[in-house]
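Please find the structures below.
Below are two complexes that have chain A in common, paired first with chain B and then with chain C.
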Partner chain A sequence: MNVLKFIRYYLMTNLIGKPYLKRQRKIGERKIEKITGENSPLNPPLKITAYTKEFVSSHYFKGRYIEGVKPVAWVTSGAPIEILKALGFFLIYPENHAALCGARRVQMDLIKTAQKQGLSQNVCSYVRTDIGSLLSGKTPAGKLPKPDLLVACSNICQTVLHWYRMLQEYLNIPLVIIDTPFVYRDIEPHQVDYVKKQLKNVLLPIAERAAGKSLKEKDLKEVIKFSKDATELWLEILNLCAKRPSPLTVFDQFVFMAPIVEMRGDRETVDFYNTMYKEVKFRVNSGIGAIKKEKRRLLWDNLPIWFKMRELALKLAEKGINIPISTYTYAWGELAPLMDLNKDEFEVMARVYLSPILNRGAGHKLKTMADMVKRFNLDGVILHSDRSCKPYSMGQMDQRNKLIEEFSIPAMLLEADQNDENAYSEEQTVIRIESFFEMLGVSNG
Partner chain B sequence: MLKVQGRIETIQKFKAKGGKIIGVAPYHYPKAIFRAFNILPVEIWGPPKLNTLESKAHIQTYICSVVHSILTYHLKKNLDICDMFLIPHTCDSLQGLGSIFLDFVKPKQKVFTFYTPRGRRSVDIDFITKEIEKIYNMLSELTGQKPSYKELKKHIEIEEKANLVLKKLLDQRLYLDIDDYKFYSLIRTKEYLPAEEFIEIAKDIYLMYKKDSKIEKTPVIISGLLAEPMEIFKVINQKNGIVAGDDLAITGRRLYPPSEGNNPFNRLAKSIINSPPDPSRGDSVDFRVKRLLEIAKKTNAKGVIFYIVTFCEQEYFYIPHIRKRLRENGIKSILIDTDINQELSQQAITRLEVFMETLQ
Partner chain C sequence: MDKAIGIDVGSTTVKLVVINEQKIIINKHIENTKPRIKEQVKKLIEKVKSDLKEENIPIISTGYGRKLVEDAKENLTEITCHAKGIYNALGFGGTLVDIGGQDSKVIVIDKKGRVLDFTMNDKCSAGTGRFLEHTAGKMEISVEEIGKIALNAKKELKISSTCTVFAESEIISLLAYGEEIDAILKGLHRSLVTRIVGMINSVAFTPPIMLSGGVAKNEAIKKMLEEETGYKIFLPKYPQLMGAYGAAIIAFEKYIKNSRGI
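== the complex of A and B ==
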């Protein structure tokens, strides 16, 4: 660790960053009080909303000054980060950063930059956003720390392998690939063994070398416990949305999921979700829904359309439509039961990281969706056919048909993209949504 | 021209002798294992020029035309001649196809999947060894047979020989006086012919067309999944060019080197793992560029044609970096997007013609 850099890090994060972000939170809280008035179809957001922004922003703020203080790794969202956290790594998730760019609507310039350098428009828009940011140096997060290590886990898609190969090409640093075989049916012993060996024999030695220290078992156990606790809390929060009216919309969940994705394994993340759980529980007990008049409840399948979140949230809420759950947000909670603290940590991590919904067959996702329709009392389904996410989108047509068949509910395929506005048509989307409203029995008038 | 047996004829002959057919999607898989069970793998890379209306009821338009063709062909019942299917996990789209076959379309035939590791480490060899053994066990259960290690070894060796003869043909391409269209039509019979029959075809190609000196044409390298539409060869040849180097998944990237060892599954595993660099395996830019430069040096090729099926992400990713590195080494390149179900566009033809002219 570089002492001067540590001093700068400490001063910037504690003397400047913390007070600044706290002040921003107060401003945010006052804004929230004004936003939702009589005319809004939305009830006031959770009090923790402003703190969420502070919490996530503080992570990125620390990232600006972390080089030379802690080892840095850029990782995929499904990467087995517990080993890295236990070794003291500071983590950046390029996918989350790309999503942040989309939500802040700064992604299109970054996408153009990447495409100008020859990256095809048929490549995932997260990748184009991320590479565009890397090449231009532009980011709404201020500055991303240069990594010492790249870790890509194939349990969300094969795209990440190629993406991280590109990052390796640009950054010239070690890349560890954790290859998780796709699970068409059930997880098999040789698959668990394969992932376990990669964690122990590939990731661990390289990460220890990069961190300059050996992994302590007690540190790993602690991080896994924090991961488990936070994941369980997130799951409980989502399950509360089965109540009528749902205390959250999926658009709220897309924002609140940030800590579980990018700060999993931290004690503070557990505290965050604890606080959030209490507030959500209070709303459930008081009958306060996320929207004022909940008439219909839907399931959202796939990633969000990051650049259209607010508009979609309002448009649906105006018709009394709430989306209490999505396969995407639930994916960050449903693995909690697999995190058995009494078993060998590497075996547990191997099973957990083989199990995400994106690493399972289309039939498994259909079962998950069917279960959600029943448990959350849903009246319909929106399947976002995300052009950039083939693993999520393939199979949706059959899934839609099966859901309609089994539950006699309307299910709509909405063609768009998570980040690329060129793959989104406002008019087409409006027409489709309005037809969907008719099918749901909520008038357009 | 050499007369070769077509797919249907091959399948019918094989079945008539009591054998079975497995339809195989692209692209890495342990061929020898199936042959040991008297099952002939017949690869399905399309077919091309298909109207894929049926597949659009199941998969989106932004999935590649190869996957659309395979699914459409199945839905039109053209694959009913197969006794079983194998869908290797090559990419996100084929992953999805495997899932759709298993969970939704559900053909009456048994569907196998096969996962090729995204690495060349010893852990990857261990894994794929077990994955191959799993296929063996599943076939045993299905057929009631249990081919011995000796039987397996026999089939491994014949497949290795077939790979070596194909390698020889590709290495000696500049000495074979046969146009590219005919050449690729012949070597692509390896997708369905039994290895022993392909070896005879390869020998005949070599004897019939071998010249003592190099063919005096402008050599180029072709890179991508497969050369469809095959009209590209006519365009290249019309401009006095010749495809001297092959970096295609369908041919050159599957030149599995022979391996050794008493465990046949491990032997096959090592062979697949040590295949030429390949984006579906997540290989590095460096590894891929080195191979292309090696081919360029051997063949004196001054240009690479990246012939990429639209929506094939794994090919697209690496193009900017590879092209830059080739340029730094004095090798020109061009990217042509294709759809295997469409004709080669006039725009693409013009671009190719100009490209060939710049190499002369």
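== the complex of A and C ==
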């Protein structure tokens, strides 16, 4: 560690960052009060909302000064980060960063930059956003720390393999690719073995070298425990949304899920979800829903349309429609039971990272959705056919038909994109959504 | 006598119908959509009202410009209105194929006239009336004639591009090779119909098939759809007016029937 850099990091994050972000939170709290006035179809958001922003921003703020203080790794959302955390790595998730750019609506500029460099518009818009950010140096986070290591795991898509190879070219640093074979039905022992070997024999030594220290079992155990606790709490929070009225909308969940993705394995994240759980539980007990009049409940499949969150949330709430659950937000909770603290850590991680929804067959997702329709009392399904995310969107047509057949409830494919506004048509989306409302028996005055 | 108005403000044409108590169309207008839609619609409604010498007629609007109709009591999407219109015009449910100028839709309607499922093709002009109109224009044939010509063609050429722009260059090269226009036209129709069949396959299809929209007047489309699906196709009397007709019926049921308590 570089002492001067450490002092700078300490001063900037504690003396400047903390009070600044706190003040921003206060401003945020006042703003929230204003937007959810009497006329809003939404109830005031959870108290923890403004803090969430502070919490996530503080992570990025630390990132600005972290170089030279801690080793830095850029990782995919499904990377086995517990090993890295236990070695003291500071982590950046380019996917989350791209989502942040989308939610702040600065992504199109970055996408353009990447396309100018030759990236096709058929490439996932997260990749284009991030490569654009890397090339232009522009980011709403201020500055992203340069990594010492790249870790990509194939459990979400094949795109990340090419994406990270590109990053490796640009940054000229080691890249570890963890190959997780596709799980057609149940996880096979040889698959676990194969992934476990990669974690132990490939990722671990390279990460240790980059971190300049050896892994301690105690540290790894602790990180896994934090991951498990936070994941369990997130799952419990989502399960509370089965109640009527649901205390959260999926749009809230898309915001609140940031820490479980990019800060899992930290003690503070467990604290965060603990506080959130209590508040959500209180709302459930008091019968306070996320929207004022919940008449219909839907399921959302796939990633959000980051740049249209607020508009969609309001449009639905105005008609008394809530989306209390999605396969996407649930994916970050459903693996909690697999995190068995009494088993060999590498075995546990191999199982967990083989199991994400995108590494399993379309039938698995259908089953998850069918289960949600019953458990969350849903009246319909919106399947976001996301142009960028092919692995998530594949099979949706069949899933939709099966859901209609099995439950006789309406299900609609909504063609859009998580980040690319050029693949989104406002008028056509509105027609689809309004037609769907009319099918559900809520029309437009 | 009680009446209701339905107005379908589409991207190519504005359609207005007035119905009476028996749900019969007693007045209808079709005009090309002008750039100043709001004023155009206002004028049209005023004219209709003064012709009928009645002020208080409930109006429901639909179509892309549905929110620009200030006099409407309510606006509803084309999906709901088309389903209502065709169900009342033909008297049964099934799968409606509506091929309009700018978009196409396939709507599954149950025995009671409710929408069960739908899909829309609106991301590009392939599979819409524009596709035919544009390519026919390239060959300097009017859109009214193309169906007949295609129907009488002996030979059929395969047009592999479904994209309007690519299809255009494909046609030009076919013409350059000296291919006959009618054979090309037949291929074009087939290409559109294949697109539509793809849409039919993507919804919870229930027979029979019903056809509406401006393109329904094209006999080749109807015949080819029958060939490709193996089902007989039913057409209403005014295929282009189904959206406006449905809107008028909903306006009647909601604002006249209800207010009189029947």
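Methods note: the second predicted complex is superposed on the first by the 445 of 445 C-alpha atoms of A that agree within 3 Å, B and C clash if a C-alpha of one lies under 4 Å from a C-alpha of the other, contacts with A are read in each partner's own complex, and residues count from 1 in each chain.
In this text, a residue touches a chain if its C-beta (ideal position, glycine included) is under 8 Å from a C-beta of that chain, and two chains touch if they have at least 3 such contacts.
On a predicted model such as this, the values are computed, not experimentally measured, just so you know.
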item: First (chain B), second (chain C), both or neither touched by A:Arg432; value: second
item: Contacts of A:Pro181 with chain B and chain C, given as first, second, both or neither; value: first
item: Touched partner set for A:Asp398, first chain B, second chain C, both or neither; value: first
item: Which superposed partner A:Gly28 touches (first chain B, second chain C, both, neither); value: neither
item: Touched partner set for A:Gly363, first chain B, second chain C, both or neither; value: first
item: Touched partner set for A:Pro410, first chain B, second chain C, both or neither; value: second
item: Partner with the higher number of touched chain A residues, chain C or chain B; value: B
item: Chain B versus chain C as contact partner of A:Val202, first or second or both or neither; value: first
item: Touching partner for A:Gly88 - first (chain B), second (chain C), both, neither; value: neither
item: Set intersection of chain A contacts, chain C complex versus chain B complex; value: 397, 415
item: Chain C-touching residues of chain A, taken from the complex the two chains share; value: 397, 401, 404-405, 410, 413, 415, 425, 427-428, 431-432, 434-435, 438-439, 443-445
item: Residues of chain C that touch chain A when the two form their complex; value: 64, 74-80, 114-120, 122-123, 202, 204
item: Chain B contact footprint on chain A (complex, rising order); value: 117-120, 122-124, 127, 154, 157-159, 161-163, 165-166, 168-169, 177, 179, 181-182, 184-185, 188, 190-191, 193-194, 197-198, 201-202, 361-363, 366, 385, 387, 390-391, 393-398, 402, 415
item: Contact set on chain B toward chain A in their complex; value: 57-60, 62-63, 89, 91-93, 95-100, 102-104, 113, 115, 117-119, 121, 123-124, 126-127, 130-131, 134, 279-280, 282, 284-285, 310-311, 313-314, 316-321, 323
